[in-house]
Amino acid sequence: MIKLIYHKPGTAPASLQVEGSMETMPPVINLIRYDETTYEEISCGDAASAIGQLDRRKMNWINVEGLHDTENVRILASHFGLNPLMIEDIVTTQRPKIEETDKGIFLITTMIYRDTEQSLGVEVEQLSMFFNKNTVLTFQSENRKDPFTGVRKRLAQQGTLIRKSAADFLAYALLDNAIDHFFPVLEMIGTESETLEENLIRNPTKAALKDLFQNKRVLLEMRRIAWPLREVIGHLLRDDSGYVKESTRIFLKDCNDHVTQAIDIAESFRDLTAGLMDIYHSSLSFRTNEIMRVLTLVSTFFIPLTFLAGVYGMNFNTEKPWNMPELNWAYGYPAFWVVVLLTAGGMLLFFRRKKWL
Amino acid sequence: MIKLIYHKPGTAPASLQVEGSMETMPPVINLIRYDETTYEEISCGDAASAIGQLDRRKMNWINVEGLHDTENVRILASHFGLNPLMIEDIVTTQRPKIEETDKGIFLITTMIYRDTEQSLGVEVEQLSMFFNKNTVLTFQSENRKDPFTGVRKRLAQQGTLIRKSAADFLAYALLDNAIDHFFPVLEMIGTESETLEENLIRNPTKAALKDLFQNKRVLLEMRRIAWPLREVIGHLLRDDSGYVKESTRIFLKDCNDHVTQAIDIAESFRDLTAGLMDIYHSSLSFRTNEIMRVLTLVSTFFIPLTFLAGVYGMNFNTEKPWNMPELNWAYGYPAFWVVVLLTAGGMLLFFRRKKWL
Amino acid sequence: MIKLIYHKPGTAPASLQVEGSMETMPPVINLIRYDETTYEEISCGDAASAIGQLDRRKMNWINVEGLHDTENVRILASHFGLNPLMIEDIVTTQRPKIEETDKGIFLITTMIYRDTEQSLGVEVEQLSMFFNKNTVLTFQSENRKDPFTGVRKRLAQQGTLIRKSAADFLAYALLDNAIDHFFPVLEMIGTESETLEENLIRNPTKAALKDLFQNKRVLLEMRRIAWPLREVIGHLLRDDSGYVKESTRIFLKDCNDHVTQAIDIAESFRDLTAGLMDIYHSSLSFRTNEIMRVLTLVSTFFIPLTFLAGVYGMNFNTEKPWNMPELNWAYGYPAFWVVVLLTAGGMLLFFRRKKWL
Amino acid sequence: MIKLIYHKPGTAPASLQVEGSMETMPPVINLIRYDETTYEEISCGDAASAIGQLDRRKMNWINVEGLHDTENVRILASHFGLNPLMIEDIVTTQRPKIEETDKGIFLITTMIYRDTEQSLGVEVEQLSMFFNKNTVLTFQSENRKDPFTGVRKRLAQQGTLIRKSAADFLAYALLDNAIDHFFPVLEMIGTESETLEENLIRNPTKAALKDLFQNKRVLLEMRRIAWPLREVIGHLLRDDSGYVKESTRIFLKDCNDHVTQAIDIAESFRDLTAGLMDIYHSSLSFRTNEIMRVLTLVSTFFIPLTFLAGVYGMNFNTEKPWNMPELNWAYGYPAFWVVVLLTAGGMLLFFRRKKWL
Amino acid sequence: MIKLIYHKPGTAPASLQVEGSMETMPPVINLIRYDETTYEEISCGDAASAIGQLDRRKMNWINVEGLHDTENVRILASHFGLNPLMIEDIVTTQRPKIEETDKGIFLITTMIYRDTEQSLGVEVEQLSMFFNKNTVLTFQSENRKDPFTGVRKRLAQQGTLIRKSAADFLAYALLDNAIDHFFPVLEMIGTESETLEENLIRNPTKAALKDLFQNKRVLLEMRRIAWPLREVIGHLLRDDSGYVKESTRIFLKDCNDHVTQAIDIAESFRDLTAGLMDIYHSSLSFRTNEIMRVLTLVSTFFIPLTFLAGVYGMNFNTEKPWNMPELNWAYGYPAFWVVVLLTAGGMLLFFRRKKWL
C-alpha cells in the first residue's frame, strides 16, 4: 500500500534520479483559467505550453497528473520559483509537509479516496501543491481517478464562492476536498466492520482475515497521513506570509476540525479492528473446540464399546472351561447389550455434567 | 455504532448536501419560555413559528429533535447569526467542539445514554447547542428518546436555581445532564463485566463474546467523545465573551470533574474488557484442553486393548502349531484379561504422574 | 471493584439523590479532641452532637464512617462551610481531587488496603477530608475496617509529633497513612505473582486465572487512584492558602515520593501480570500439545496394527485358493508379529526424529 | 543485531578498555583532499601518516574503517582536539548524539543499509564524525561494505555542489547519505511484507516466522536510531557555533524531513508486522481447525459403524436362541448395510448443519 | 525480583519500623581515607568507630553493606546531618531520587549487576549515597557481591584522576560504575535472546518460557530504575549547591548519555522479548498442528479400512443367500485389497491437495 519512491542513496541532493516503482504513462497537464465572469479549461501538451498560456489578470490552476516525466515537473516548478529540493520532494514519496517561501506556499499531502469499482477499493495518491497570489500548481502522483471532479464543477459554475475568491481559496478547496474524501473511506470501513463482526462470529474464513488486514492497512495509512496533515493546516492557519487571506482562515479552521474528526474516527476503528482480530481468533478457537467436542463424544462413547465387541470376537477355544464361558451362556448377547447401554448411559451423564452436551 | 453523516466530497463548504444514513422522520420543534414566575411549553410546527414566538423579556429554549429537514435547521440557525459552516456542522457528524462568536457561543457534543428497554442498550445522539444572553437553541440528531426529562422537570418547577438563572445556566444544565448520562452507562458496563467474568470462566459462549465486543465499542465511543468534551468545558470555564456568567463557573468546574472521572473509569473498564477477552481465550483453551484430555485418556486406554482383542480375533489356522497356540491354551482367556488389566493399570499410573487425572 | 455511586441524571446539581449500591448501615460519628497534654475520644450520636462538642482551643478530628445517612453529612459539611457541590462529591464516587476555599482545604482520595482475613483481600474506600486551622473532618464511605488504627494510636500517645502539631499535620498523617497502605497491597501482589508464576508453568488452573484477573483489577484501581492523588499532594505542596504550614511541607514531599514509588511498582506489576497471562496461555498450549502428542503416539502406533489384526479376522472362505492363503500358512501368525514389530519400530524411529518422544 | 561494545564496568572513564565482540581486522585509513579544482584519494598506513598529509588550504576527509586498533583512533581524535570521553564513545556502542566544542562539532550516528547479497540482508554500522572548518573525520565501526560510494563519486566529479562547498557540506552529505540508506531497507521490508502476507495466509511456515521476526528486529533497530538522529539533525539546524554555514541549513532541513518520513514509515511497518504475526497465528489456527475437522468427520463417521461391525463379529453361541439371532436371519447382512447407510446419512446432515462440510 | 521493604502503615513518619523481608547478617562498615599521596582502607566495627576515624584533611568514603542493623545507619546518617525522613528512605525500598540539603547531597539509586556464577543471574541492590565536600557515605542494601571492585582498585592506585579529585568525583565514579553495570546485563539478555530465538523455533520448552519471563522481569526492573536515575543525574548536572564541581559536570554528562543508551537498548529488548513470546506461542501452535496432522493422516487413512475389515469379520450366516455372499466369492479377498488400495490412494491425493503431506 505504501508506495515508496525515493531518492537513490548517494546521489546529490535535489537530483531527480529516483528508485521505486512508478507508472510510465505520459503525464496529463491541464490549465484552468478563471475569474468571476470567465472560465476556460485548456489541455496542454507540455510544461512550456502551460506556462505560455498563463493569464496574470485571472486565476490559473495548472494540474499535472502522473510524474513519470520529471523534466516537465522540473520546468513547471522552476518557473514558479520552487527550489530543487522541493522539486525532488514532488517526485518522491513524502509525508505531508508545508514550506513557505517568498514566492508562495508549497505543500505536500497524500489523498486517500474510495475506488468504488472495487469492493474495499482505496486509492492513495500524493498531491503536491504550490500557490501564490493568482496561481495554483498541483501535481498528482497518479493519472487514474480524478478526485477533484467536485471542485472543478464548482469552478465551472458562475457565482460560486470559489469563482469569486483568489488562489488561496482554490488551494483550500483542494485540501478540503482531499480531507472530505477520508469520510467515505471511513464509512466503508465502518460498514465493513459491522458485516465482518457478524461473519467472524458465525464463520471465520480466510477471506475475512484478508479484509480485516486490508482495513488495518488503510487505517494505518490514514493515520500516517492525517497527523502531519493537521500540522500542515495548522501552519496555514497561523501563516503570515500574506498568501493566505484572512477570509479563508475560517474555512481552514473548519478543515482542521474535519481532519481531527477523521483522526478520531480512524483511531476508534483501529481499536475496533484489533477487537475484530480478537474475535476472529476466538471464533476459530470456538469452532475447533466444538469440533473437538463432537470427536471426543463420539470417540469416548464408541471406543470402549468397540473394545468390548472385540473381546467377544476373539477365537479362544471355548471348549476349555476357562475360555470365554460367556459365549456359551444363553443370555450372553443380551447381557452384552445391557453392559453397552449402561456404559453409554454413564457416559452421557458424565458429558452432561461437564456441560459438553 | 459510529453513525457517519458527512458532507459529500467536492461540494462547496457549508453546503447542506450530506451523505450517510439519516432518519427521515419529521423534526419536532419545541419552545420553552420561562422566567422566575412563568413557564410555558409550546410545540411549534416549523422554524418560522418558533422564531415568531420568542419572548425577549424571558428566557427561551428552542429544542429541535431530528435533523432530516435541513431547511428548518438553516432558518433557525441563521436567525441567531450562526455562520453556514456551523450549520453544516449541526447536520453532519462532528466531534465535540466549541466556537465563540460575538452573537453567542456555539458548541457540539455527543450524548451517550442508557436505553433501558434493551439489555446493554445504549443510545448515541449528537447535540448541537447555541446560546446567547436569553436564548438556548439545541439540536438533537435523533427524535427517539428524551434524555432531557430531568432538566425539563426542574424548569417546570418554580423556585429552582435553573428558573432563577439566565440562559448560560440552562446551557450548563444540559451539558451536565449529558455528562451525568455517562455514569449509568458505565455502571451497566461494570455490572455486565462482573457477570461476564463469572460466565466466561465457567462457560465461554459466542453471546458473551458479542457482549464483550459491544462493551468495547461503547467504551471506545465514550472515549472518543469525552476527551474533546473536556476541552469544550475547559474552554467554557476560561471563556471571557461575557456569555458565561461568573456564578455558573463553579458548576462548570464540577462538570469538568465529572467528565474527567468518566474518562478515568472508562479507561479502567477498557483495560478490564481487554482482560476479559484474555479470559475468554484462556477459558476456551482450557476447555479444549480438558476435552482433549478425556479423548486422550479414553483413546490411549482402549486403543491398545482393542488391538489385543483384534489379535485374538484373527482366524489363523490353529491347526498349524505356530499359529496362535494361545487360543488353545486352557487359560488363554484369563491371561488375556490379566494383560488387559496390567496395561490399564500402567496407563492409569502414567496419567496420574502426568497430572491428567 | 469500582463501586459507582452517582448523581441521578437530570437531578439538580448538588442534589443528594444518588444512584448505585450503598450500604445501609447507620453511620458512626466519632470526635477526637486533643492538644499537647489532653486527648479525648467521643462517640457522637449524630452530626449536631458532634458539632456541639467541638472545642476551639484544641485540635478536633471528626470522623464519619458510612455515608448512607446523607442528612448528617450535609449538616456537618455545611457547618464548616463546604459548598453543596462538595457535599454531593462526598456522597458520590469521585476521583482524587482537591479544592481550596477560604474556609479551609477540601480533598477527596480513595484508600486501598489489605483485608488480611481474605486471601488476596483488598478493601477500597473513599475518603473525603476537609481541614482548617484546628479541625479535620473526614468521611469514610464504608464502616467496616479501620485503616486509621496506627494514626489513632500515635494521637493517643503523649509527646508524639502529631500531638504537638496542628490540624494540617493530622491531615497529612491521614493521607500518608492512606498511601502507606498501598505497599502491603503491592507486596501481596508481588508475592502472589511469584507463586502464580511457578503454578502457572506447572499446572494452569481456572483458580489461577481468577487470581491473575483479581490482581490486574487491583493494579488498575491503584493506578486510577494514584495518579490523581499525586496531583492532590502536589497541590498541597504548592498551596499558599496558609492552611498548610511550612513545617509540614517536607513531610508532604516524602508522601509525594512514596506515591510515585507506588505508581512505579504498580506499573511494573501490571506488565508482569500481562506476562503471567502470556505464561498461562503458553502453559495451556503446552499441555494441550503434550496431551495431543500422547494421543497421536498411541493412535498412530496402534491404529495401523489394529487394521492388520482386523484383516486377518475376516471370514473369507479360505477354501477358495485366492482368499487369505496367509491364514493357512504354517508361519502366518509369527509373520504377523514380525510385520507388527517392524511397523512399530519404524514408527518409533519416526517419532524420535520428530522429537516427539 | 544490536552489537554491544561497552566500557568495562569499574574502569576509569575514558579508558579504551572495552568489552563485547569486535572484529579484529586491521583498520583502513583513507584521506581525501579536495577543493574546487583538485581531488586526491590517499590510502594511509596509520594515523600519523594521515595527519602528516593533511592540507590546510584544501578540504580534508579522513575516513577510518574498523576500530579494533584503538591507538590509531586515539591519535587521530586527539589531534583534532576531541576529549577522551568522546574517544571512548567512538570505540563503544552509542546512540546517535551530538556535541559542540570550540574545536568543531562531534556527532555519532548509526547507519543501516541493505546488504543486497543476502535476502533480507541488512548491515548495521556505527559512524562517528567530527568536523571543523576544513576537515571531516569519520570512523566507521566495520570495514566491510562501503555505504559512501555515491558521495565519493560526487566528490571525484568536478563542478558538483559538494566540491564547491566547505567541510560542513561534506558532513551533511554523509549524514544525508546515511538517512537515504534507510529507504531501500524500508522498501525491502514493505515488499517482503506483501509477499509474507500472501504466504502466511496460504501456508504458515517456520521460515516465514523467522523472516517476520527479522523484519521486526530491523524496524526496532531503525526506530532506536532514527529518533535520536532526528534530535542530532535538529541540533545541527539550530547550531550557532559557526561550523555549520547558513547555506547548508536548507539541506539539513530536507534531511530532517527525510528522517521523519523514515520514522513514520517504520512505525507503520511495525504495526503491519504485528498484524502479520496475528495473521500467522490465525492461519495456523485455521489450518489446525481444518485438519481437526477432517479427523472428526472421518472418525465420527466410521467409529460407530466399526462398532456395529464389531458386534456382528462376536462369537456368541448362536445356537442359544437369545444370542445374536440377527446372524441367522436371512436378511441380516442387508439390514446391517441399511443401518450403516442411515447412520452415515444422518451424520452427513448433522455435519452440513454445523457448516463443517 | 522487586524486594519491597516498607514503612509499616500507621507508624510515625521517619520511624525505622519496617516490614518486608530483609537479611539478618551483621552489616559491614568500611572506611577508605585517601588523598593524592596516601590511601588507607579501615574495617570498622560500628558506626561510632567509623565516625571517630574520619580525617577532615583527606577524602573519606564510608561504605555500609547490609542495613539490617538500623541503629548503625541512624548514627552514621545523623552525624552527617541527614534528616530522619532520609534515614527512613535508606532502610526502605525507594525509587532513585535526589535531595539537596545545605549539608550535602543525598541520593538513592538501585544497582543491577551480573551475578556471573548463575546462568542469567542478576543481582539487584539499593545504593543510598550522601556526599559533601570531603566525605562520601554509601549504604548498600545487601552484603553479598561487591560491585565496586573497579572503583576501589582505581582509588588504591596512585596518580589516577579519582585520587586527585574531591568527594564529588568519587560520588560520580560510583554512580557511573552503577550505570556501567547495566551493559553486561543487557549483553547477557541480548545473547540469551538470540539463543532463545533459535531454540524457540526449533523446540519450545518450559525452561525457555521461564528464561523469557526472567529476561522480561530484568528489563522491567531496569526500566523502573533507569528513568528516575536519569532524572537524578540531570539534577546533579544542573546542581548549583556547590557540592558538584564544574570539572565533574562533563563526566556526569557522559554518565547521562550512558543511562539514556541503556534505556534505549532495554526498550528494544523489551519489544524483542515480546516478539519472542509470540514466537513461543506460534512455535507451540505449529508443533500441535504438525502432531495433529500426523494423527489425522494416520486415522483418516486406517479408520475406514478398519471398518471394512470389520465388516468382513462379521459372522452372518452365509448359508442364507443374502448374507455376505462376498465371503464365498473366489476373489473376495483380492477384491478387498483392491478397494483398500483405491481408498488409500484417493486419500493420499486428497492430503496432497490440502498440502498436508
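Note that the chains are named A, B, C, D and E in the order they appear, and that numbering of residues resets to 1 at the start of each chain.
The working rule: a residue touches a chain if its C-beta (ideal position, glycine included) is under 8 Å from a C-beta of that chain, and two chains touch if they have at least 3 such contacts.
This is a predicted model, so every value here is computed, not measured.
Asker: Listed by label, which chains are in contact with subunit C and with subunit E?
Answerer: Under the touch definition, subunit C and subunit E have no mutual neighbours whatsoever.
Asker: Would you mind reporting the rotation angle for the C-alpha fit of subunit B onto subunit C, rounded to the nearest 5 degrees?
Answerer: It works out to 70 degrees.
Asker: Compute the distance, rounded to whole Å, between the mean C-alpha positions of subunit B and subunit E.
Answerer: Taking the mean C-alpha position of each chain, the two centres sit 41 Å apart.
Asker: So the centre of each chain is just the mean of its C-alpha atoms; given that, what is the distance between subunit D and subunit E in Å?
Answerer: 25
Asker: Mark out which residues of subunit B touch at least two other chains, giving numbers and ranges.
Answerer: 281, 285, 288, 292, 295, 299, 303, 306, 310, 313-315, 324 - these are the residues of subunit B that touch more than one other chain.
Asker: If every chain is a node and each touching pair gets an edge, what shape is that graph: line, ring, star, complete or other?
Answerer: ring
Asker: Starting at subunit C, then subunit E, how do the chains run round the ring?
Answerer: Order of chains in the ring, subunit C then subunit E onward: C, E, D, A, B.
Asker: Touching subunit C in the complex: which residues of subunit B?
Answerer: 113, 147-151, 153-154, 160-162, 173, 176-177, 180-181, 183-184, 186-187, 190, 197, 201, 250-251, 254, 257-258, 260-261, 264-265, 267-269, 271-272, 275, 278-279, 281-283, 285-286, 288-289, 292-293, 295-296, 299-300, 303-304, 306-307, 310-311, 313-317, 320-324, 354-356
Asker: Residues of subunit A touching subunit D in their complex?
Answerer: Against subunit D, subunit A makes touches at 2, 4, 6-13, 19-20, 83, 85, 89, 93-95, 97, 203-204, 206, 209-210, 213, 216-217, 220-221, 223-224, 228, 277, 280-281, 284-285, 287-288, 290-292, 294-295, 298-299, 302-303, 305-306, 309-310, 312-315, 318, 324, 326-334, 336.
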